[in-house]
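What follows is a set of notes on a single structure, which appears directly below.
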Amino acid sequence: MDEFDIEVLADPELADPVLVEGLPGVGHVGKLAAEHLLEELESELVRRVYSTHFPPQVSIDEGRTQLACAEFHAVTPEDGQDMLVLSGNHQAQDSQGHYGLTDTFLDVAEDFGVERVFALGGVPTGELIEEYDVLGATTTDDLVETLEDAGVAFREDEPAGGIVGVSGLLLGLGERRDVPAACLMGETSGYLVDPKSAQAVLEILQSVVDFDVDYESLEERADEMEEVVRKIQEMEQQNAPSPADEDLRYIG
Amino acid sequence: MDEFDIEVLADPELADPVLVEGLPGVGHVGKLAAEHLLEELESELVRRVYSTHFPPQVSIDEGRTQLACAEFHAVTPEDGQDMLVLSGNHQAQDSQGHYGLTDTFLDVAEDFGVERVFALGGVPTGELIEEYDVLGATTTDDLVETLEDAGVAFREDEPAGGIVGVSGLLLGLGERRDVPAACLMGETSGYLVDPKSAQAVLEILQSVVDFDVDYESLEERADEMEEVVRKIQEMEQQNAPSPADEDLRYIG
Amino acid sequence: MDEFDIEVLADPELADPVLVEGLPGVGHVGKLAAEHLLEELESELVRRVYSTHFPPQVSIDEGRTQLACAEFHAVTPEDGQDMLVLSGNHQAQDSQGHYGLTDTFLDVAEDFGVERVFALGGVPTGELIEEYDVLGATTTDDLVETLEDAGVAFREDEPAGGIVGVSGLLLGLGERRDVPAACLMGETSGYLVDPKSAQAVLEILQSVVDFDVDYESLEERADEMEEVVRKIQEMEQQNAPSPADEDLRYIG
Amino acid sequence: MDEFDIEVLADPELADPVLVEGLPGVGHVGKLAAEHLLEELESELVRRVYSTHFPPQVSIDEGRTQLACAEFHAVTPEDGQDMLVLSGNHQAQDSQGHYGLTDTFLDVAEDFGVERVFALGGVPTGELIEEYDVLGATTTDDLVETLEDAGVAFREDEPAGGIVGVSGLLLGLGERRDVPAACLMGETSGYLVDPKSAQAVLEILQSVVDFDVDYESLEERADEMEEVVRKIQEMEQQNAPSPADEDLRYIG
C-alpha cells in the first residue's frame, strides 16, 4: 500500500462544490456535524483514503471488517449547493501523516473542482456553555466578511493555540494552493461530546452554504447528554458540595 | 538492508494453500496456536522476513544469534490442506511498519498462491473463562457463513476496538487485494498466556481447514497454568478475602 | 507539500551578508534577540520555510491563519552589515526534521551568499544572574579569536550537554559545508523569558557585526520581568522562608 | 546531509583487519574497552559517520564544536593484528536508525577488508560482581569454539533479552553479509560505569586477537570507582541496616 492511497468508488459530476470536513476532535463537534449532514441529506460514497499513517486497525460491523480510512461523500441536492463531505474515525498518528493526508484530501477536492473549504471543529472553553458562539478563522479577507455577516465571531489571537490537525492544515495548505478555506469552531466545554455545539456550527454553515437540514435528531441527542449531566450533578451534590462544572472535568 | 527484506530458504510447490498467522498478541493465543501447528505437523522453513521496523535486536540460542524476523513454514500433509504458517516473536514498532510488514506477508502469500488467510488471536474479556468462545471477523459474506457453521460467534461491534496490528491488517489489506481473509479470536482473560484459548481457536480452524493435530501438549500446558492460578488463589485467600479473578489482574 | 519547502517572497541582492538565527529555546534568548533586531531595523520578508516536521498547525491573527513556518528577513542598512535574520515560533518535532531544516536554512543562506553564521541562544545556569556572561562556540579558530576580543567567554566543555537543535546543527552542518559559524549563548536562569540575556547577546553581536540598535524596549521588558520576580519573592517570603532563587524554579 | 554519511579522513591499507566496536551501553563496558584500546595503542582516525538518526547536537571542546558522529580509528601495530576500532558517544534514536547505521558501519568495515567483527558490551546481573565472567554470542560455530577456548562462557538463552542496538545488529546483519561476528559481554552490576568489566572483556579479546595493552589506567579507574562504592556503603550503614548491594541500585 502507498503511504496515502485513494480508492475511487464513484465519480459524479459536481457543480462548484464546497468541501465540508468533520474528523474527530474537541467535543467531536466537527465529526457530529459532518455525520449529521450525511444522515439528513442524500449522499453517495465517492472516495476512501487509506494511509500507513492511520492506526494499523480494522473496525468490525456484524463480522465484516473495514480498514481504517477517511471517506468522501458527494451531496447533490436538487436545489442547493453541491457538497463533498469528509468524515471518518481517525486522525493521522504523526506530524508527517497530518501534512500528507491533508494534501491528499485537497487533491481529491481539486479533482471534484472544489472552490471553497469549510473545516468544522470545536474550541474548548473549560466551562459549561449557555450560548454557543462559533469562532472563525480563514485564509482570505473575503471569507472573514462573509462569515462575520453570518454571525461568526472573530477574536484576536483566539484560539490561542491556533488550529491543530487536519482542520488547521486544510487552511494552511489550502492557502498555499489558492483554495479559499475557513474553519468554523463551535465553543464547547471540552468535557463532553457536544451535539449543541455541532448544531450551532451547522446553523452557521447553512446560512453560508445553501442546504436545508432538520436538527431534531441532534436536539434529541443533546437532551440525552443534558440528562446525563443532570444525573451526575445530582449524584455529586448528594456526596459533596463541589461546583457543578468542576464535576464534569473527566467525562470524555 | 531494505525496509522489508524477504529471505528465500526453500521454494516448494503448494496446492491451493491457506495462510495461518500467529504472531504475538493478547494471551499469546495466536502465537501458541501457530507454534502448536508447527510442533505437531511436519513443516519446512521457506521464508524469513526481516525489517528495519522490527526491534534492533538478535535473540540467542546456545551462543548462536538470530536477527529479529518473522518466519513462514510450509506444511504439506499427504492427505490434507497445504498451509503456510506465519510465526515469530515480534510485531512492528510503528504504524508504517505494521502496514509495510503486512503487505510483505501478503506478497509472500501470493507467491505461494495462497487463496485464503486465517489470522489467529485472542480477545480479552477481563475475567476468567469457563467456556472458550471463538469470535470471528471476515472480509466476505461467504466466510461469515462457513465460520458460523463451524461454531464461530459473530457479535455486533465486537471486539469494540476492532482488530489491531498484523492480524487486523491481513484482513484490511487482504480485502484490498481480493484475498479472502478471516480472523479467529479466542476469548481469553487477558491476564495469562492461554493454551486453552489457543486450543479452542485451533479446533475451529481444524473444522474449516483440513488437518489433524493432537492437543495433548497444549492441554498439559493448560494444566500447568491452572496449577499456577490455583496456587496464587490459595495464597491470596490466606492473606485477604478478595475475589479470585481480581487476584489475577497483574499476571502477564 | 515537500518535506522541506522554501517559499520565495522577495529576492534582494545582499552584500556579503551574515546569517543571524533566533528560534525558540532556553529563556527564549535567541528568539527575543532576533525579534528585537527585526523591530529596530528596517527589514524585508524574503523567504518562508515550511516543513512536514513542524507541528501540523496554523496560528491565527485577527481571523487570518498562517501555516507553521520559519521566516528569513533581509536587513540592508545604508551604512552597516547586510544581514539575513532567521526567526519563527517552532522547532522541528524529530531528529530528522532538525537535520533537514538546518540543511534547508543553509541552502537559503548560500543562495544569498552568506559568509558567516551566528546562532543566538541561551545557556541555563539554574540560578538568578547578576552579570550576564555570553558563552561562545565556533567552527573555526579565527572566530574564537574574534569573539574572545569581543568579550565572549570560552570555557572548557561548557555547556556540558553541547548545543542541541537548529543552533547546534547550524555549526555542525555549517562546518561540513565550509561556512564559518558561531553560537552566542547568553547565560540565563532557565526559569524565565530573559530580555536581559538577549540584550547581552545582541551587544556582543553588535561589536562583531556592524549594526546599530536601541535597547530601550528590551530594557522595559526586562523591568517588567523583574517586577514579576520581585512580587513572587515577596509572596513567597510571607509564606515560607525558602531561598529566593529556589522560588523561581517553576516559572516557565 | 544524507541519512547516513561517511566522511573519509584517511585511507591506510590494512592487513586482514578485525572490527572492534564499543559504543555506549550497559555499564559503558564496550565504550570503556574501545577507548582504552585507542589510549594504549597508536591509531589514526580514518572515518567519521554522521546520521540524521543521531541526536541533533554538537559537542564542544574548548570552544570548537563537533557534530554528533561515530568514529573509526585504524590500529596498525608493527607486530600484531590490524584493527578498526569503532567508538563514539551516541546510539541511534530509533529502530530504523540502528539498522541503517549498522549497515553503514559494515560498509566501512568491508571497504577496509574486515574479516571478523567483535562487538563489545556489558550484560547486567543486578548484583555486585566478584568474578567477571564474559558471556559470548556469535554467528558461526567456528567462533563459538575459538571463544570457548579463550574462556568465554556460552549459556543457553542468556542474556534472555538477546542483544539490542548496534552490537546486536553487527551480528544479525553481519551474518546476512557472511562476515563472521561475535559479541563479548562482560558481566556488570548495571548500576555503575564498570572498568573491571571492560578489562575482563579486553583480556578475552587480547587472547583471540593479537595485541598488547597495559591495564594500569583501567585498574586505577576501577580503584576510584570502588572507593566511591565503599563510601556510599559506609554512609548507608550508618543510616540504615539495608543490604549493601541494594544500596547501589540507583547509582548510574
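By letter and in written order, the chains are A, B, C and D; residue numbering begins at 1 in each of them.
Going forward, a residue touches a chain if its C-beta (ideal position, glycine included) is under 8 Å from a C-beta of that chain, and two chains touch if they have at least 3 such contacts.
Because the structure is a prediction, the values reported are computed rather than measured.
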Shared interface numbering between subunit B and subunit A [over half = same, under half = different]: different
Subunit C and subunit D, separation of their C-alpha mean positions in angstrom: 38
Residues of subunit C engaged with two or more neighbouring chains: none
Interchain contacts (touch definition) - all pairs: A-B, A-C, B-D, C-D
In the complex, subunit A residues that touch subunit B: 1, 3, 7, 50, 52-68, 93-94
Interface residues, subunit A side, partner subunit C - complex: 92, 95-96, 98-100, 102-103, 136-139, 141, 144, 154, 156-159, 161-166, 168-169, 171-173, 175-176, 183
